[in-house]
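You will see chain A twice below: alongside chain B first, and alongside chain C after that.
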Partner chain A sequence: MTSSLPGFLFAIPFFAAIVIPVVGFTNQKLCRPIALGALVFLSIVSVIGLSEAISHGPLSHEFGGWAPPIGIEWVIDGLSGLLMVAISVVSLIALVHAGPLVEKELSGRVIPFYSLSLLLIAALGGMVLAGDLFNLFVFLEIGSLASYVLVGVAGGRSLLSAYRYLILGTIGASLYLLGVGYFYAETGTLNMADMALRLPDVLDSRAVLTGLIFIVLGLSIKMGLFPLHGWLPDAYTYAPDSCTPLLASVVTKVPLYAFVRIAFWVFGMATVTTQIPILVVLGWVGAVAAIVGAYRAIWQENFKRMLAYSSVSSMGLIMLGFSLGTETGFAGGLFYLLADTLMKAALFGVAGAASYQYGASTVTDLARLRRNMPWVLAALVISALSMVGIPPTAGFFGKWHLVVGALEAEKYFAVVAILVTSMLTALYFFRMFQRVWAEESLPLVEPHVLETPFPIKMSLGVLTFWIIALGLGSDLVMGLIFESVIPKGF
Partner chain B sequence: MADILLYRPHFVAFIILFLLGIYIMVVCLNLVKKLIGMYIMQTSIMLFFITLAVKEDSTIPIILPSVTALAPEAYANPLPHVLMLTAIVVGVSTLGVSLAMVIALYREYNTLEEDQILEKMK
Partner chain C sequence: MIQPLDSVIVHTLTRVITPVIQLFALYVLIHGHDSPGGGFQAGTLFAASVILPIIAFGIQGSLSVLERRAIILGGIGILLFAGIGLLPLILGGEFLNYGKLPIPGMEASARRHWGILGIEIGVTITVAATAVSIYYSLRERGEGEEK
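Now for the complex of A and B:
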């Protein structure tokens, strides 16, 4: 069905990103309401887009009236609709949370923060909606540029990690572009749907194989998949606290979406498991990534660095789910992706709140939350339990579906990897709890502690609510995924 | 091997430039030199795309009003050029952002060598 909704979804945050510097130049206080208003509007429109796509089939928009495959096409189907809702809602909550933090740590850079955040969200939306491999590249780069700057916006130490992120990210994007070039040389098209029709004839060619390898390598750098995660721990540790909930929750998930789109929609399930068995390799990579990420997290003293390694581990689990090659595995991977988006936003949000109130950055420092911030501590406990996989949280059901999918596929190494990862995750979060509750040497009087600002409390509360709600409503979400997301060919 | 050099010299040039770019990015400690490597790598990909469009005995893809019967093989493929125009813009903005970061790093640490910056961070 033709509709202008996909273009609209990109236009809302993009125009807000342009309006903010213009309006903010005269009155800086208007930046935040404009950004939040645009994101509320975006969330509503993306929910409409998802429900339309589910009830009426995919919505597509042709730019300039040129019909695809010659023209550029943007599509909302079940998968992109779901991702779009996740991106818009989580980034809205992340920006609500960022309000007090921005005033404190980025006081002179309020305009760039809001403008770049919205540009980042617009680019992520463009990546999710693009039905064209080259368009995907352009939005990948716009989004990456915005996130490099967001990592380094505070200056100082974060600049070097932003610079390294930029260098590695550019290598990733170049590899992706090169892969697209190989595909284009072999098929003569860039439109994903058209390429899916033409690829089966040329699957024997070495150019397609090489192109797929380049694309997977490039996207793996962007998504921080072990062993190409080198940029991730430093970038997440030194990025300003106001940016990390947004960066850690959505920025790595969308390149993963791009991979899923290319593997399952452009190539198709049968090709990537048998003819070019890239999923077999990625299954092992994902398993190793999940275990190594969780293992490295155990040894981190810095709370944000621990969470960064935990992101590496989650990315491995999600990749493992997608590579299982069964419907349940695919749905479980997607469900865990959504759950991890919420959990990482909540955990980095807690890290931001702790550093806002006490300047706390190490795991031991978190003990101070116990005294004055019980609600933030509750959010930390619930999202940590969800990361470990305790029912009824979303993390438990995500891992449950992953294990069921692995058993269905009879891939026992995957079952072992998921269980070992859960145990290691339990180890580093329980180590954290032990520090929080067993530490006796707290200063009795906290100097000038303020009440936790309302936006922080509210956003953490909403995220925690959604973590539990997604767990309790997991049957509903899984039903939706099975009905309108699963690609053909299983 | 000799065949490739004879019939596809542009692919060989592309591979040499691409690897050279990555080599510079990995080996050099100077932040600006790394960016030079990055730019060489991006440009090599543009070379690769542009050479895809080349056809023997073809002309620029502008259709004159006098032409009535269109023969696609008479024109060079315009699409890779258009794609690379976009990629050039992307490359330039990446370079702009990265140079701004290098300037900020220089103001902070007074050096452009990565090892010296790491030394000063401790």
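Now for the complex of A and C:
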């Protein structure tokens, strides 16, 4: 029974994504309960999957009963189990948060919103669980198509950014597929475990090198890694507020996961640092991305655009962590990935709440939160402190482990990059706080403003709770990562 | 709604061709897994056999409602596919392992045969319904511009 868990993890959101339009056209009110029910179920199953994978080792599901490497294999191990739990829990919270926003912003498009969100979640699950490179491509494309539509679902200005995202995302996917083609030509297999066995014999071949470069470029576009992040700021700024918490928190993290899977599991640590030193290059790219992203964020007036540049910066930090080549660095990168998933969901959630209540979009507008929405403001403060890296939040421990990893690896440029990024992050968040508290010219009472809807308050509360809990329980999570996630070869 | 075309040649030919297309679609569907063809091809043929009479004879009713019905039908097709895939998974096998389908009194190879036909029917329904819904959607835009 447990070996069928990967199948269920995909089938639950996928089924719900199809049932929603079939049922929804007759009774639109049923969309939300079906979506949330499916996600609750998904979260439970993914927690079971993670605990099974930790206690009994990786679970593999062979589709159609055909044995790998010829058949298609899906695997839950420590890494994919952890990512699956993060995706399902955060997307559940994001969709709870989206409820009131969808009714306001997308009143005629409730069915496409829920159906595509679940399709996106199913595809992200498929990417995380896929045990072969081609399946990963298929789900990368399904997920990307769903997110292009989610970015543009409100129409108007967002259509342009969705179109740009579509063009760049398609180029990224093509590059990835091209790279997979090179690998297949050299090794004759697509299964990741099988390819890991066959690659050492053909590492000298230029085709493998070219394929790896294509794959890294393609995935870098998808994850919005500087300097290939061109689509990201516009897409996050103009996407509907109901979609951004989901899009910003998980969609870019999963291509990064794909990169980590290929670099550390298919190629192996030793190969990507010495024989084909792609990690060394990506370490520098990550350091520059982290600093430039944070620097650009300082100058943004629009709150969502500032957060988008902050995402570029976080992506750089995570990539930097994975590229350090030490166990602590790897674990720190993964920890910061989880922390950033929560923080970005919370911050974009606050942006959504502010625009729902006041139509607020600039950093200065956020001052109005002070008057009528103290709880939302509290969530903003805590997640901002976590972004800066103030204990005891998750962001602090993430950055701490990154710095320790960088010191262990004796890569001092990384230490400097992490510290500079933290300072720049502090600069743009403190600038925001300064605007929030210094603004005096506020209207005293705003009687037409309604109470913040309960789903928004609750989801922000839960996210903030997890940001602090992940920080306080960082030893536990790091222990788990060290025990069951770290790949061989360190 | 779509106005009928005013041409005897088109009307007569449509009457003759439509059943032939549908018969050929059924052939392509049923022989899909041991000869060229399959669900996708059969689905496009079925869609053609639906769209052709609509062009020739017109159709009553709101296009957006018709489009919505076509989308629902497409969803049902995927549900058929996914349902057949999921049954073995629930019964403790693997996704799409037709050999584990609960059909009594049948050998595993025969179960695989019928299982594949089942999912091909699901694919056919979805492809046909999607193609028809695309046609409705394009036609609806065109009418909006004419007005």
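The rule is simple: the second predicted complex is superposed on the first by the 487 of 490 C-alpha atoms of A that agree within 3 Å, B and C clash if a C-alpha of one lies under 4 Å from a C-alpha of the other, contacts with A are read in each partner's own complex, and residues count from 1 in each chain.
Here is the rule we go by: a contact is a pair of C-beta atoms (placed from the backbone, for glycine too) under 8 Å apart; a residue touches a chain by one contact, two chains touch by 3 or more.
Small disclaimer: the values here were computed from a predicted structure and weren't measured.
Novice: Let me test your reading of the model: by the given contact rule, A:Leu337 touches which partner, first (chain B), second (chain C), both or neither?
Specialist: Neither partner.
Novice: Between chain B (first) and chain C (second), which does A:Val22 come into contact with in this model arrangement: first, second, both, or neither?
Specialist: second
Novice: Of the partners chain B and chain C, which touch A:Val149 in the superposed model: first, second, both, neither?
Specialist: first
Novice: More residues of chain A are touched by which partner: chain B or chain C?
Specialist: B
Novice: If we overlay the two complexes on their shared chain A, which of chain B and chain C does A:Glu141 touch? Say first, second, both or neither.
Specialist: first
Novice: Could you say whether A:Gly65 touches chain B, chain C, both of them, or neither, answering first, second, both or neither?
Specialist: In the superposition, A:Gly65 touches chain C alone.
Novice: For A:Phe14, using the defined touch cut-off, is the partner it touches chain B, chain C, both, or neither? Pick first, second, both or neither.
Specialist: A:Phe14: touches chain C, not chain B.
Novice: Scan A:Ser4 for contacts with chain B and chain C and give back first, second, both or neither.
Specialist: A:Ser4 sits against chain C, while chain B stays out of touch.
Novice: Name the residues of chain A shared by its contacts with chain B and its contacts with chain C.
Specialist: none
Novice: So in the complex, the part of chain A that touches chain B is made up of which residues?
Specialist: So the residues of chain A touching chain B come out as 134, 137-138, 141-142, 145, 148-149, 152, 155-157, 159-160, 162-163, 166-167, 170-171, 173-174, 177-178, 181, 184-185.
Novice: Which bits of chain C are touching chain A when the two form their complex?
Specialist: Touching chain A: residues 68, 71-72, 75-76, 78-79, 82, 85-86, 89, 92-100 of chain C.
Novice: Any idea which chain A residues touch chain C in the complex?
Specialist: 1, 4, 7-8, 11, 14-15, 18-19, 21-22, 25, 61-65
Novice: Could you pull out which chain B residues touch chain A in their complex?
Specialist: 18, 22, 25, 31, 34, 38, 41-42, 45, 48-49, 52, 79-80, 83, 86-87, 90, 93-94, 97-98, 101-102, 104-105, 108, 114, 117-118, 121
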